[in-house]
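The following blocks contain the structures, represented as structure tokens.
Note that chain A is present in both complexes that follow, paired respectively with chain B and with chain C.
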Partner chain A sequence: MNKRLPLGLGFVLLVMPCSLLVAFTHYPAVRALINSLWNNASSRRPSKFVGIENYEALIADEKLMQVLTNSGLYALGTIPLAIFLSISMALLVNSKLPATGLMRLSFFMPTMLPLVAVANIWLFFYAPGIGLASQIMNFFGLPTINFLGSTETSLASMMVVAVWKEAGLFMIFYLAALQAVPENLKDAARLEGAGPVRVFIDVVFPLLRPTTIFVAVNALINAFRLVDHIIVMTKGGPDNSSALLLYYIYEVTFRQRDFAYGATLTVLMVAILGVLAAFQFWVLDRKTHYQ
Partner chain B sequence: MMRLKCASAMPLVLGALISGGAASVQAADLEFYFPVGVNAPAVATIEELTNKWAAQNPQHTVKAVYAGNYEETTTKALTAAQAGDPPQVAVLLSIDLFTLVEEDVILPISDIATTAEDQAWMDGFYPAFMSDSRFEGKTYSIPFQRSTPVLYFNKDAFRAAGLDPETPPKTWDEMIEMGKKLVVKDDNGNVTQWGTRIPTLGLGGAWLFGGLVVSKGDVLSTETGTEARFDTPATTAALEFLVQLSDEGVMQPGGISWGDTPKAFLEGQTASMWTSTGNLAFINENAEFDWGVGFLPGGDGPGAPLGGGNFYIFKETTDEEREAALDFIKFMTAPENAARWSIATGYVAPRPDTWETPEMKAYSEKLPQALVALDQLPYAYREFATFQRAKVTQYLVDAIESVVTGGSTAAEALAKAQEGADSVLSDYK
Partner chain C sequence: MSNSGASIEVKNLRKSWGAVEVLSDVNFGIEPGGFLTLLGPSGCGKSTLLRLICGLDEVSGGQILINGADVAGKPAAERNLGMVFQNYALFPHMTIEENISYGLRIRKVPKAEKKKSVDRVAELMALGNLLDRKPGQLSGGQQQRVALARVLVSGRPLVLMDEPLSNLDAKLRVEIRSEIRSLNKKLGITIVYVTHDQSEALSMSDRVVLMNAGVVAQVGTPKELYEHPANTFSATFIGTPPTNILDSLEVAFPADLKIAGGLKLSECLFGIRPESLAFPAEDLDFKVRARVQSIEYEGKVFLIHMRTDAGTAIVVSYSGGSVPDEGEEITVGWNRDATHVFSRSDGKATTLVY
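After this line comes the complex of A and B, so read on.
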């Protein structure tokens, strides 16, 4: 029975997902674009159309430049590190070592915890003098580092939390991919005299490429999307050294209640993410072998 | 958490204490947003008090909604108001006044509380706490959970350093001088106990900074809400003092967070700290050493900022709801209830009559530290507040943070903050 769906029913079935998409994705995006062309009105300041004035403010905003630099560094720091760590962990738990079940559990654990809870744990970990990090350093006679209170270390401290949080999830994807690598390919390489490192670099890693792209896209999205730990731990400080773009949007929009400029920043963020996604799918995809 | 009024006859005595407790005949359903900003069992105490009010006023209901910290509570209340469904009554920061006026969501309480009796009630609060609840000649809010920072110091550490544990430092110079003696290092030369700890990061840092400025005889903002005084000799001196504290090795270099400070004090990582009186109960419960409280040491004399939350009544309410809300606020600030709240949290009770209650007298006898904040009130000045407060304060926060982390000099950072603040506030002049 391969009957065509009646047009009416098809339409009805489409309405549900489409209305969700429109209500929660397309309408807000268009609305943000419109809001970015107006000023931030209140009872004491009438609403008016300002054209590209908000975008001019964007260019003149020194803080935005710092935030974009931070976001860039954050993405560049967390993505490769998370990929490297997750492949290493996947190889470890995919090996024939004892207690791999326990290792899988413990590597995956951080992923299951809510980020806000994790941030509070790390807050205690980083606390100078009383935190675990300080105590370990004191044990070795090293001076205490004010991780979250110094402009040099605050962003790096945030990156560590993010990598710790997401590497476990990516490990699962790599583990699945590793188990799908055909054993005969590796055997063939070994017969040719390739050592374990060579086998990994020339046989296994190329086969992991689709997974790597998937993980890289996700890590990139996370680098822009997850700012809960920033809100809990540093509020972007000190001196904006750990402020990321989404955190800045949150601060401008909800703390400072500047909805117009918040909308302008949102448009910028959507544009940046759009360009990055296009790059990842069109450029990297072409060089990938799918089995 | 719908609060159903129970028919318990228990609070007969309490009912008699509240003037006009059952004044309104019309029923009102109140929604009450409140924040928690201290390490104390605040939610349970608020619920206990709201239940008591509901039991005394069976014609009304009140739903107490814990809405997070101050900032989150304000955001939630404003969002709800813009969606047309505000709470009838909320406790929000006293300095949110200008934001709430600008958003046009609150009603002056002096427009509802119009009788001579109401006037006498409003005059019964400490004038310092009322000063930041007025704007353009009207009283917009009623002080509730008010606080001011004080100096907490570890008397045992003072004794160990050969200092008199009954005389904490009173000036900035004494802080540095005594602070140096209080620093303890381990064999590797790493500091295990700092002399003092003044949080410098975020909004907490900006709050305390206001106290430093007041002690130098200046203010950060005026009652007009349109002036920010960031670049003055007093602010420069205050910022340089903070830098000097870490340069002289008295305070840990870099930014110091608000949240870690009470913990660091309890763990003996610092011999003294500046933090809110709202932490009195927490420190009292957890300190395993002899501790005392003093005025904030000042530049030219004592000086402190005021902080904390006030009751607001929202505009979009019926007459019955307004009347019930006013009655609820009177109940919450009545001597017995304010005493209960003050003892549970450490907030400074905002009315002299509260301090006359037997509970409060017994409390201040047991914990004389609680009286220091009260004595400090005459030297305290309203916290920084202007229109667009969040945006303008951020300029100050950035300036303080960039200087304490060594990113720029005080003069440079403050000039930049002033420029930013002026450009925002020029719209309002």
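After this line comes the complex of A and C, so read on.
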């Protein structure tokens, strides 16, 4: 074990992962940064250095403002909802009720499906008139809503799909954490007169905090990272009401083929994610007393 | 903090988990201010019994009387008792002060009063300068004292403790042992204490309930348990090294020996404490021959491990001058009044008739 690796072999072993990292992570990032400082080439005119011109366009872009607002709302909506739902499911599955195995499986199922498949299921669910949502609302005598086709409901409908998709995975994390909460802590609280709700609020939930942070950070990243369902279901519409940042980048770059502006938006997104990641580490560092 | 304890009595208590009966027909009691110990080997049902008393689990039969009133069906919080858990069960996310005052907070005790109570127990348990820390920043002994403080702050007349000293080192254990004992005397609270350590039980208790596989083997004062074991289990569990149990057929005994209750001498076992065995054995009443297997030096005494021809192990605690050699065959003996007699069929104690 202690034998030293020959220098040559060590070098070869290092080159492999490093080249992959450079080719697919670092180079594209740097390239995007460079591209954002140049304008688009056309058949008659080569690409030319324009400095921060693209960034000035960024600030003036009203559609971008709406997209950022949408993304913010989307994150603020999905994160608490996903946390609440996954804790509730974990508590349910961890209880002494019958058929918890079946529940566990059905709660976890959405996580295993590809998001595009999930989107198709929900496309049917939301379909005005014939979809399950409409039928349920008709049953209660409520008017039909075109969930995906109206600007008020399209973003919220996308949030529901995302939460449905990711809550099952988060439930698994909460389940593991719940089972690690020592039984005698709950007993001690109970003995002092705490009812089930107090026991949860005072003892269980604080001990789940590391998991909650982990889940919150992941939900946050997902909010910026997953747009498959938007591409399938609404294409950002109507009237950009459900367009998120990544979807907008996709649209600008590959539909409008405005590579320079796409690169500029990408730099913005990387910057946002960088700030969020830094925030994550800062929060994680502060809760070290838990060992 | 109240100045009087509660009495507790357990009658015909039973507990089963499904088909498995873990406690059957348990009976014992202790007067207010007493110190009762539940003693027994691992898995004999001590923790189960404690959880039944405090109401965290439900009994399958029998009664638990606290101050004469049956508490069956009352929720744990209404039984007016406190519990120190194995591993302390301190809330890791709360400060020591929050830990101690948690029960008061639940019961909505006014702030000023709460602070006064916490300060008082903190002083009593010497925790004053630790109140702002989290449990993870405390040593085992300090955590132990916090766990005690948390029970004492509510002034409960009855406190249950489940092996509270099991994770402490030997020195600290002796220290906290006497601390608990003096709290019991000073505050007058009744304590029900669980341990599997017989020396702990003997040194602390007013009364010991010795348990074996879910049944009570013997109830009595430490002295009664040591001097008059009610059965072979009790004789071998109490005292270190354990009592030697010898078949009467291997032993040379006086011709005039009789057993009370009409039991034949051939149906008997003799129990002798290692410190009652001696040699040379010429003028002793009972004698047995055995070969020396090994010798341990214990400081004050030698422990001589021997084996009879029939294969029975004997331990002699010997403080004389000339130690026998390994492999040597010697005769050891003991006197009438050091002899415990048990029936071979059920292990129950009987007495010798003079």
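Methods note: the second predicted complex is superposed on the first by the 271 of 291 C-alpha atoms of A that agree within 3 Å, B and C clash if a C-alpha of one lies under 4 Å from a C-alpha of the other, contacts with A are read in each partner's own complex, and residues count from 1 in each chain.
In the analysis below, a contact is a pair of C-beta atoms (placed from the backbone, for glycine too) under 8 Å apart; a residue touches a chain by one contact, two chains touch by 3 or more.
Please read all numbers here as calculations on a predicted model, not as lab measurements.
Superposition of the two structures on chain A leaves chain B and chain C fitting side by side, clash-free. With both structures placed on the common chain, the touch criterion links A:182 to chain C but leaves chain B unconnected.
Comparing chain B with chain C, more residues of chain A are touched by B.
After overlaying the two complexes on the shared chain, residue contacts for A:25 are found with neither chain B nor chain C.
Between the C-alpha centres of chain B and chain C, as viewed from that of chain A after superposition on chain A, lies an angle of 150 degrees, to the nearest 10.
Within the superposed three-chain model, A:95 lies out of touch with both chain B and chain C [touch as defined at top]. Using the contact criterion defined above for the overlaid structures, shared-chain residue A:106 touches neither chain B nor chain C, since it reaches no partner. When the two complexes are overlaid on their common chain A, residue A:191 makes contact with chain C while staying clear of chain B.
Of the two partner chains, chain C is the only one touched by A:203; chain B is not.
Taking all C-alpha atoms of chain B against all those of chain C in the superposed arrangement, the shortest distance found is 51 Å. No residue of chain A is contacted both by chain B in one complex and by chain C in the other. Of all residues in chain B, only 71, 75, 78, 99, 102-104, 186, 188, 190-192, 194, 201-202, 252-257, 259-260, 263-264, 267, 269, 387-388, 390-391, 394, 397-398, 401-402, 404-407, 427-428 touch chain A in the complex they form.
Every residue of chain C that touches chain A in the complex is listed here, in rising order: 54, 56, 76-77, 82-83, 85-87, 89, 91-93, 102-103, 106-107, 134, 136, 154. Note for the complex: chain A touches chain B at residues 42-45, 63, 123, 127-130, 138, 141-144, 146, 148-151, 235, 237-241, 251, 254-258. Chain A makes touch with chain C in their complex at residues 182, 184-185, 187-194, 198, 202-203, 206-207, 209, 289-291.
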